[in-house]
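Sharing a structure below in C-alpha cells format, with a few things to ask.
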C-alpha cells in the first residue's frame, strides 16, 4: 500500500503495457500447444471471444468467427436489433470524420428502440449457421429481453456493462437481482465487467459461468477521463483470478471462467492476459481492423452513444486484412495485429508451455 | 521517504493523473446520488465552485453558474473591476495569438488600477440576480478592499493566491494578519492555496470556512517551471483532508471545508479530488471551454499578468458547448469536458456511493 | 517481488535506457584502456561482434569488420545463402517504402531455399580474406547444415534464435539436442538468445563457449507486441552474468562468455551492457547505418520474414558514415552512432577503468 | 539499493524534473530575501555563475554579467583564445543548420591552436572593466596555461571537464596532480564536474574553493548516449552536499562551495539545485537565449567539437530577451526563461525563506 497523502492510501496496479512474459528454460513446438477452451458444455478451438460491439460483430461476422472455432457475441442492444437493415447507417457513420458530429449522430441513431422480434431474428440467423449462439444485454435491460433471448435458444447469455455488480441498489426502480435472474435462466451466463477481487467474488456467487474482467473497449473507452474510474487490466485479471480460486474452494469446486475484456489491442496482450490468470479473452480492437468488420475501419463501444454522458470515442482503426487472417493468419504485419491464434500458440511454445491452464503460471516481469 | 542523495530525503507524491477510482462490489443508480454541498449557511446543488479567473467568470457567467446551483466567484482584481467595460479588451486579447505578445499586452491592461466602485457595482449586479455572491482578492490587497467588499454584501469572501500562508512575514510592509482579518469580517472566508498538512492546519486555525488546496490554474500555471514549486494535487488534497480531521478534533468540532483548486481539467478529476478527501472543487479549465466564457476560447490565470515574473500562460481551449451543457449536460463529447455534474453522479453511483462525504472513502489505486 | 494482483507476482526489471554508469573518484587515460577480447583460441581487438542480419553482414562487410579487429557473423539462412547474387534483391527491397508491402516481399524472397554450396562458398570467401570466420544458423536448421558449416572450417558456430533453450521439446519432430550437438562439433559454439538465469545456466551446461543474451534486433523486433514476451536487457545481462559465475563454480572453472545481443543502438549501450556483466556485445543497429551496409539504409532481422507470424519490422536507419568511422571513428555525430570503440574506451577511462573484466563492476544507477 | 539482476545492484537517482519544492506554513516577502553569495574574498549579488561556453560567454557578456552582480567565466580554450576575432566564425556557424555539417565545421575551427597571448588579452579586457575575472581550462591543458592565466591576474581559476577526478592516472603522459597544482596557484580554484560523494570528497581534499557538480551543458550534452555515463542532477547535488558537510568536519571547518553545473534550463531548476544543497549554480542554457549571447541563438558546449568523439550537440535556443531581462527581469514569458534572479527570490519567499543557506533545507517531493 502506498501513501497518497496522510488521509489516503492506495494499491499500486499494473496494465498489460507494464508487464512482459519471460521465457523459461524450456521451449516447445507451437504445433504441440493445445488452445481448446472448454466452458459449460461447449469446446472452442481457442480461448478468444469476439466482443459484442457494433463495429466488430454483425450476424455475419459472428457466424464467420464461430466457424473459425471461436465464440462471437452479438450486441442485442445495438444497431442489428434496432434496425431491420443497419447497413445504410453503418455506411453513414463511416462517412463522418468529425468526432463531435459522430457522437451526436450516434446518440440519434441509437435512440431508436430495440425490437424483440429483431433479437429473435438475429439469434436464429446465427444458430441456423450451425455455430454457437451468444447475445449480450446490458444489466439495465437484461430482465426486459431475457425471455426473448432464452426462447431464441442461445448457448450463452452475456450481461455486459461498464461496471456490473452483484448488488445494484436503486430507490426508484426494481434493480436486477442477478442471482435470481441467473437461477431462473436455462442458459449459462457470462457477466461483467468487474475489476476487483470482491466484486468478482460476488458475481461468481450469483451462479455465473464466467465473469468479464475490465470495462471493455479500452481503445475506445474514456471512463478514466469522464468518471475517473479505471483498473489497469493486468492487476484486475490477477485479482479476479484469485477470486476464482477462492470461490472454487468456497463452492466446493465450481470453476467460474475469468474472461479478460479490455486493453487487448495486440496479440501479445492476449498472451499477457492469460499469463495473469485469464481463461479466455474477449477481443474487439484487433477484430475491428478486419475487412469484414461492420465498423468499416472505425471502432466504438456502447459507451460511445450514451444520451447525456458518452464515455467512449469512435476510433479510426483502418483495415489490415481479412477476419481469418487476423484470427488464424497468416500475418503480413509485425505488430501483433494479425494471426492472434498463431501468436498465442507461439508465445506459449516459446516459453515452454502447451496448456492454457498451465500458462497462467508463466513468469512475468514489470518493466518501469 | 525516498533518499534523493545522501544529504536530502523526499516524500513521493501523486497527481490526479497517477490515480484512479476503483469500483466496489455495489453499484447505485445515479438518480439516488445526492450532490448537495452545505457550507456555512448556504446549500448548493453540487460541490463545484467556479474559479475567479477572467477567462471564466464575468458577472454574467457568475450569475448563470449560480442559477444552475453552483457558486461562482468573481475575481475582484481582474478586468471587471479595473474597467467599466472590459469587453473590448477581451476581444483584443482573443485576437493575439503570439504567446509573448499576449503576455506583454496582459501586463499592460492589468496595470490599470482596481476601482472600489466597480467592485461594489459588480457584486451588486450578481446579488440582484438572486444568486449567492462571492468575490476573490489576493492576500496582498485583501485589507485594502475588504470593507468595500463587505459593504457590498457578499456571501463568501475568497482570498486566493498562489501560496497563502497563515503567517506571512515582511520587513517593509505590514503583512495581512489572517486570523485578525477573518475575525473582524462578517462573512465567511475561503482562503488558499495551500498544499501541505502544516500550511492547511494553520490556515484552518485562522477561522476560515474553507481552504483552497493547490495553486490553481494547473492548465495555465507554470509555477513549477518558474519557481520549481509544485505539489501534485492528489497528495495535496489527501494531506489537507488529514488536517481537516485533526483540526476538527483540536477545535472541538469545527469542520473546515477542503476545496480542491487545480488540475481539474476533466470531470473525472473532480471525482478523484473528492475521492482524495475534498468537500468541493474549484473548477476553471472545463468552464473556459463554454461558449459564454469571457475568455472567448482562451484561458489564463492571475499569474499570467504579473509585471516582472509572469508564472502562467494563456492557453487556447476552444469551445465545446454552452455553460449549461458543460455543467449539467447533456454531453456530446466522450472526453470528460461536458456534463460535469452528471459525470460525478455517475462516478459515485457506479462505485456504489450516494453521499459525497462517503465517497471520500472510495478505494483508489496508483497506476505507474 | 511486486504484487500485480492477488494471484500474481512479478520481478521489476530494467533496460539499458533505465540505467546509467557512474564515474568513480578516479579517471584514466583512454589510451591506457585495453579492450582485447579473448574467447576460445582467438583474440579480438575489441569486444564487439557484428550480428548475423542481412541488413548488416554480407561476406564483404564481415571481412571488413574482421580486418578492423572484430568478429563478423554471417547469417547462413539469409539472402547470401539463398541466392547466388542477392544484390538485385537488396536493391529491390530498398526501393519499397510501404511497411506491409516490404513484409510481404520479404516473406517471398526468403521462401527461396537455403543452399549448402552457397554456405560453403560464403564461408570460404571470408576465410580466404584472412579474418576469423563465423556463421549463424537457427536452432531449427542447425542440424541440417552443421556438417556443411563444419567442413567449411569456421572459427565459431553461432546458433541464434529469438529464444533458444537447452531443452526443446517437440512431439512431432526430433528436436535439437544442444549438448550432444555441441559435443560432436569441432568448433566452439555461441548460442542464444536467452534472457534468464535458469535458461542461461542450462545453455552453459551444453558446453557452449558463449551465450547470447536477449532476443536480438531490439530496433526491429516486435516480440513484445506479437507474443507479449520481453526481458529488458540490463536485467537480462545481469541475471545471465550471475549464471556465468555460478556455472564457473559448478563446472570447476569453465568461463562461458556472456554476449549481450539486443537494444545496443548507441555506443553508450555497449558500455552499459558490459557494466551489467557482459563480456562482449553483438551489435546490429549501429552497423546498419554504415555506407557499406547491405541493407542500404534499412535494417531488419530474421523475425521480419516469418511466413505466418512476422515479429520484426524493417526500419529506416539512414547512413551516417563508413563502417570504419562507425566502428573506429572519427565520429562526426554527437549521438552515439559513430566511433563505437572510441566511445567504449572513453567510457572506461572516464570512470577509471582500464580492463573490460573490471569494468563489469562499475557502479550504475537507475533513473526513474 | 535496487536489484537490476542477480549480479548487479544500483541506487535509484533523481533529476530536477523528478522533484519539486514544497511550500512551508510561512511565506516571506521577496524583497526580504538575501541572495548574496560569498566565496573566497568576493561577494556576488546572486549565486549564479555564467558557464564558460562559447555560445554564452564572450569577454563582452562576461563583463555585462559581472556588472549585474554575477560571476562570468570565459572559456580559455574556446574561440576567443584561438582567434583574434572570432565574430566571423560565430556568424558562419550560426548559418549552418545541418547538425552533422555543424559538428564537422566546429571540429575544424576548434582545431586552431589556443594562443597564450589571447588568454592574457581577454582576461585583461575583463579585468579592465572592473568586474571579477574568471577563466576556465580543461584538466588536460590546465598545467600548460596555468602561469599565463595566473599572471593575467584572475579572481578564480576554473578547471572544468566532463569528469574531473582528483586522481587521474595515465601511463603515457604526466597527469595533472590537482592537489599540488592548486597549492602552487595563488588564486582560488573551482573544479569539476563530479557527480558522486566520493569523487567530490577527493576533489575537496585538493584544496579547491568550489566543486562543480554535474557534467555541464545538459541541454547540449549527449554523454549518456555516447558513453552511457550520467548522474541525474538532484541526486548528484544532494550527494556532493553531503561530501561538503563531511569534509568540513574532516578539515576542521573548511567550507567548499558546491556549484551545480548542468540541467539548469529554467529558473525553477536553479531553486531546485539550491534546495538539494547547492551554494550556487553555473548556468548556460538560459543565458544562451539572450540577444547578446555570442551563440546567436545557438548553444553548444566543449564536448561538441571533440575531434574523434563529439559528445554534445549544437542546439537551437532562439532568443527571448536581453541578457539583463533574462538575469534580472522583467520577464515577458511565463516559462522560467527570464528573470532568473527574481524567480529565485520569489521561490524562496513563497516558501518562507530569506537566506540561501537555509533554503538548502526546504522540503522537496518526488513526483512519479
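In order of appearance the chains are A, B, C and D, and numbering begins at 1 in each one.
In this section, contacts are C-beta pairs under 8 Å (C-beta built on N, C-alpha and C of every residue); 3 or more make two chains touch, one makes a residue touch a chain.
These numbers come from a predicted model, not from an experiment.
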{"item": "Intersection of the contact lists for chain B and chain C", "value": "A, D"}
{"item": "Copies chain A and chain C touch via same or different residues, half shared test", "value": "different"}
{"item": "Turn needed to bring chain A onto chain B - CA fit, degrees, nearest 5", "value": "90"}
{"item": "Greatest separation from chain D - chain, by CA centre", "value": "A"}
{"item": "CA centroid of chain C to CA centroid of chain D, Å", "value": "40"}
{"item": "Inter-centroid spacing, chain D versus chain A (mean Cα positions, whole Å)", "value": "56"}
{"item": "Contacts with 2+ other chains: residues of chain C", "value": "12-14, 235, 366, 368"}
{"item": "Chains grouped in pairs wherever the two touch, ordered by label", "value": "A-B, A-C, B-D, C-D"}
{"item": "Parts of chain A lying in touch with chain C, wherever the complex brings them together", "value": "12-14, 16, 19-29, 31-32, 197, 234-243, 245, 266-272, 275-277, 320, 329-336, 339, 342-343, 346-347, 350-352, 363-368"}
{"item": "Chain A to chain B touching residues, read off their complex", "value": "2, 4-8, 10-15, 18, 99-100, 103-104, 107, 162-173, 175, 194-196, 198-199, 201-202, 222-232, 235, 303-304, 307-313, 366, 368"}
